[in-house]
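In what follows, a single structure is set out as structure tokens and then discussed.
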Amino acid sequence: MNITQILVGSLSVITLFSALMVIISRNPVHSVLWLIVTFFSISGHYIVLNAQFLAIVNIIVYAGAIMVLFLFVIMLMNLNRETEPQKNKWLKLAGVLSGGSLLLVIVAALHTGDIKAMAQVKEGDIGLIGTLGKELFSTYVVPFEISSILFLSAMVGAVVIGKKE
Amino acid sequence: MENVLQIVWLIPFLPLLGFLVNGLGRKYMPKAMVSIVGCGVILASFLMSIWVFIHVREGGGYVADYFNFIVVDKLKIPFALQVDELSSLFLMIITGVGFLIHVYSTAYMHEEKPEHFGRYFAYLNLFVFSMLLLVMGANYVIMFIGWEGVGLCSYLLIGYWFKNVAFNKAANKAFVMNRIGDLAFLIAIFWIIAKVGNANYADVIAFAKAGKFGASDITVITLLLFVGATGKSAQIPLYTWLPDAMAGPTPVSALIHAATMVTAGIYMIARSNALYSLSDLTMHVVTYVGLATAILAATIAVQQNDIKKVLAYSTVSQLGYMFMALGLGAYSAAVFHVMTHAFFKALLFLGSGSVIHAMSGEQDIRNMGGLGKKLKITSFTFLMGCIAIAGIPPFSGFFSKDAILLSAFEENKALYAVALLGALLTAFYMFRLFFITFTGKFRGTEDQAHHVHESPLSMTLPLIILAVLALAGGWVGIPEVFMKGGDKLSAFLSPVIPVKEGESPGHSTELALMAISTIAVLAVIAFSWFRFRGYQRKGEAQGLAKVLENKWYVDELYEKIIVKPLQQFGSFLNDVFERSVVDGLVNGVGRAVSYSSRQLRLLQSGQVGSYVLLMVLSMLLIFVLQFFLRK
Amino acid sequence: MLLNIYIDWAFVLEKFLLVAVIVTLSLVIAMYTTYAERKVAAWLQDRRGPNRAGPFGLLQPLADGGKLFFKEEIIPLASSKFLFILGPSLAMITATLTSAVIPWGTSLHLFGRDISLQIADVNIGILYIFGVVSLGVYGIMIGGWASNNKFSLLAAIRGASQMISYELAMGLALIALLMMTGSLQMSVIVKNQVANGWHIIYQPLGFLIFFVCALAECNRTPFDLAEAENELNFGYHQEYSSMKLGFYLFAEYINMFISSAVMSTLYFGGYDIPFVNEAAWNIDANLLALIGFAVLMAKTFFFLFVFLWIRWTIPRFRYDQLMNLGWKKLIPLALINMVVTAAVILWLKK
Amino acid sequence: MPIVYYLYLSLALFCIGIVGVLTRRNAIIIFMCIEIMLNAVNLLLVAFSKMHPPKAGIDGQLFVFFIMVVAAAEVSVGLAIIVMMYRRIHSVDVNFLNRLKH
């Protein structure tokens, strides 16, 4: 056991715990905060995998932009724990059971296959910004431009939908 | 060399440009502008064609490869243009005659509204573009594009006066008949590609020369190509559209249905001569179909009273001659006749246009007569055309027709006799037409008599130029008999069309044949002079004349044996099959869907949560099936 | 099992010390910026300013700190207690995090080791700054929301949307700079300036936009709408008292200090000594590094002064004016700047 | 690290997301759960991208980048829709969103 494994292990624990807290918390604001913690821990995983660019983009995009939007909306609506009425107990149980059995089935399926591949950690330069940037602006330049158009249309769409008639 | 001819794409591109400008700007451009654009692009193409011709004569052919048009796995169809001896000759004919006809049209169509005037020139330019593409393509696929293009333009121009229902029907007829031939052509192309692997002329010819085609393959391919050619070049059995195509404006008839489009079939077969030479069966079929067409059309022409119909059947007949020449292996004679025919037939059509113009749209020759005095230039040039087509030395028609007759003689004496009969018929109906129209007394109304006038210069000038060409155009192919080192044309074409081997019948025989045909033709002309110089309108034609006037009832026959049964079969399908089976199926599907959806609606609770739950459960099921139960 | 772990202890110690020094330094400087603020304000208004605690009132910040520590701590009953504490802590943390990628000087050579005066020379330096800056919103928002007070919430949302809006223009202005350097690494950016001259020469408009945005990001006048007293009582931290309030105020000053340092680094050559070629001096590298550090500090202090100067000179914007400036003026300007820079670079490369 | 480790981790994360979607009624929370699922996939993609050093994984990482782009666009529109819905029915409970049934 080396320091990387300890790091990855503790990050995983944080990731799963905070993700669980997202769906358990009654207060939406707490959910949002736990989700931010989840994103941070996932960024930590990226750093361990030496995907620096994605790690920081993950923080900027998810933690810095998307979650702020969520917070905004929740705060504007003033949602508290009372706003979510209790769901049917049986339906809830069914949800948990089906989600859990899906996990079980796939884990069992993976378990039967003998997978030996290793993921390279702490080294390798494919996750560095220079490498990704060159690829992004040569091979993937068309999808890149298209995604900017997607953004623009999403922005226009959000404004149109959100505007009061 | 290579770099210079790489720009041959300009030749078809310029008319395309003219089409776009005229077509898009037809509502905004004045007539003068349309005329300048329309004629200018063709003139430019013509000049380039001359330039290309000179280059080709000096340095041989060239294939300009531009880009890959179709790439499917190993099959590569390049967009490539080819200029060689054959195509450069055709280029000059198309653009040269085309230019004259464009100029002629500016005056002929002057009564049209500006918008329609622009549409007319746009179509005309598009037609020239398609024809040039057809001729210049370096493979059968590009040729097919042009092939379809000329078919389309023919349809558009025949139906140019689209408010007239009969004209539209004629356009449809031409279109449908062409489609039948095109289908055969298309199958032939597929067949070639399946065998050779691509459709480039060079590769196909090399493949054929190497003898890699099977005997049945080559027969089927050439026959299919021939069927394609009969559609475009109006041969039996697909010829009936051409006389009806006279519904279009007269310059169109001159350009499309005499000088260019109908020769596409000839060009195609001459281009594929390496294939045809391999199949005796096809050659015989081509010969006899050509001969039959020539005679049949000539007999019909004898009794027609519409000035343009006479010329139309004459065209069909002359095309028959060309096919006969092709079938006999005298490819260069056929090409030679294409060229001379382009000159004198364009001349005759334009002359008839001038007559029609003078008569304010009257086309029935029974209502004309004595026009020679008022239309001096027209009648003189028309006479030149008649002499040329009848085949009197030293006019161009003589040399080209004689080359064909000679090759018929070499093959078979009986064939020669029948062909000669056709030639005499040609002389007879052409001079019948000439004498009835231009000599004797005027038989029209007072109004028309008052109105008759010579056409403007822009119409007569092309006539004069074409008359000169009709006289002199044949001199490039003067046979050896008259001039040492003659027959320059076949020598020029020899890289593309191999000179026919075998001993020639000897100069004395050749001279004797020429003398026979010339004397016979002169006799026929004299006969028609006596018969028709004082033509008077008679009653209904009787007996054979009536059959001829009604074109051997071929149209009626087609109607009876093809159109009617098909229509009945169609209505049978409509009543029985459509009503019970198809409708039943459609309605049954609808009912089944609506019933089952009524049952399935119970699942649609409208709750997102339950949908997602169902989705997850299905995923679970799929995974279980995939991983654990499959083995 | 744990004993197998190999750790370069010297490296850890070195970085730990560096972090400690830099954080302490920022705290001290922030502390004395509060003092400077009062002094500058007094000077601009022709007063004397703090002058009781110590010589020239120099101990005033300590006295303030002491006062804040000993004040009674009030946590509103209806608020969410955890989040109420989390708010100011986040503000403080994000404020100090940025300093990690700033190159404070060239490296020192001590005890046989090369000690870089930069905590982490990552190749995504500028993105890191952006990431941390975008997190700064949370301190304000959480604090504002947790107070369970309408004014606090409004101010928090104002502050957050203001920061998000100006981040865009800031990023666009920086892209032009990045196109020139071709790297996001802070040390490379500084070296590029040492070699080719300061970026302010090439990017005056970009700097101006960046500067305005930096003002907005720090919630400084004329953009301090989140704490506009006359509209929103006291802004998002009005329910706060004692050291938690102190954290918010302090975080603002640290932000000022860090953004001044970032501006000096990005546009004014960082530790580069202007007008001279220090490499040719032929003096001890350690001394040179220290001189460079001092030069950087001087530049930073200048910008700090400009911050204060602006605060006591320019009045506050109205909220719609603020948004108009951000979205309709700065962003288009930054876009133009970006396109022009790109075109010029392309032209020069041809 | 063994790739299986990341497989299990992201799988667990993904299933947490699914359970969240199934058990919560608040549209915003459901939305956040979807984000968790997206991130689980991202994590796995990045891990896979490091499976074949030295050069083979760039596509995977760029794919993650594009997923983030799409996620950002999705969130902006989705939240606008939720705000709209809140304005209409004064609730973000998805159980009230059953217009499709009628």
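By written order: A, B, C and D. Residues from 1 in each chain.
Keep this in mind: a residue touches a chain if its C-beta (ideal position, glycine included) is under 8 Å from a C-beta of that chain, and two chains touch if they have at least 3 such contacts.
It should be emphasised that the depicted structure is a prediction, and the values quoted were computed from it without experimental measurement.
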{"item": "Any chain in contact with chain A as well as chain B", "value": "D"}
{"item": "Distance between chain centroids, defined by C-alpha means - chain C, chain D (Å)", "value": "33"}
{"item": "Gap in Å, rounded to a whole number, between the CA centres of chain C and chain B", "value": "83"}
{"item": "Mean-CA-position distance for chain D and chain B (Å)", "value": "65"}
{"item": "Centre distance in Å when chain A and chain C are each reduced to the mean of their C-alpha atoms", "value": "29"}
{"item": "Junction residues of chain A - those touching two or more other chains", "value": "53, 57, 65, 76, 87, 94-95, 98-99, 102, 106"}
{"item": "Junction residues of chain C, two or more chains touched", "value": "none"}
{"item": "Multi-partner residues of chain D (at least 2 other chains)", "value": "18, 22, 25"}
{"item": "Chains touching one another, given as label pairs in label order", "value": "A-B, A-C, A-D, B-D"}
{"item": "Touching residues on chain A, where the partner in the complex is chain C", "value": "1-3, 6, 27, 29, 33, 36, 52-53, 56-57, 59-60, 63-65, 68, 71-72, 75-76, 128-130"}
{"item": "Residues of chain A touching chain B in the complex", "value": "87, 91, 94-95, 98-99, 101-102, 105-106, 108-109, 112"}
{"item": "Residues on chain D engaged by chain A in the complex (per definition of touch)", "value": "1-9, 11-13, 15-20, 22-26, 28-29, 31-33, 35-36, 39, 42-43, 46-51, 53-59, 61-62, 64-66, 68-77, 79-84, 86-87, 91-93"}
{"item": "Interfacial residue positions of chain A with respect to chain D in the complex", "value": "4-5, 8, 12, 15-16, 19-20, 22-23, 28, 31-32, 35, 38-39, 42, 45-46, 49-51, 53-54, 57-58, 61-62, 65-66, 69-70, 73-74, 76-77, 79, 83-85, 87, 92, 94-96, 98-100, 102-103, 106-107, 110, 115-121, 123-127, 131-132, 135-136, 140, 143, 147, 150-151, 153-155, 157-159, 161-162, 164"}
{"item": "Touch list for chain D against partner chain B, complex", "value": "18, 21-22, 25, 30, 94-95, 97-102"}
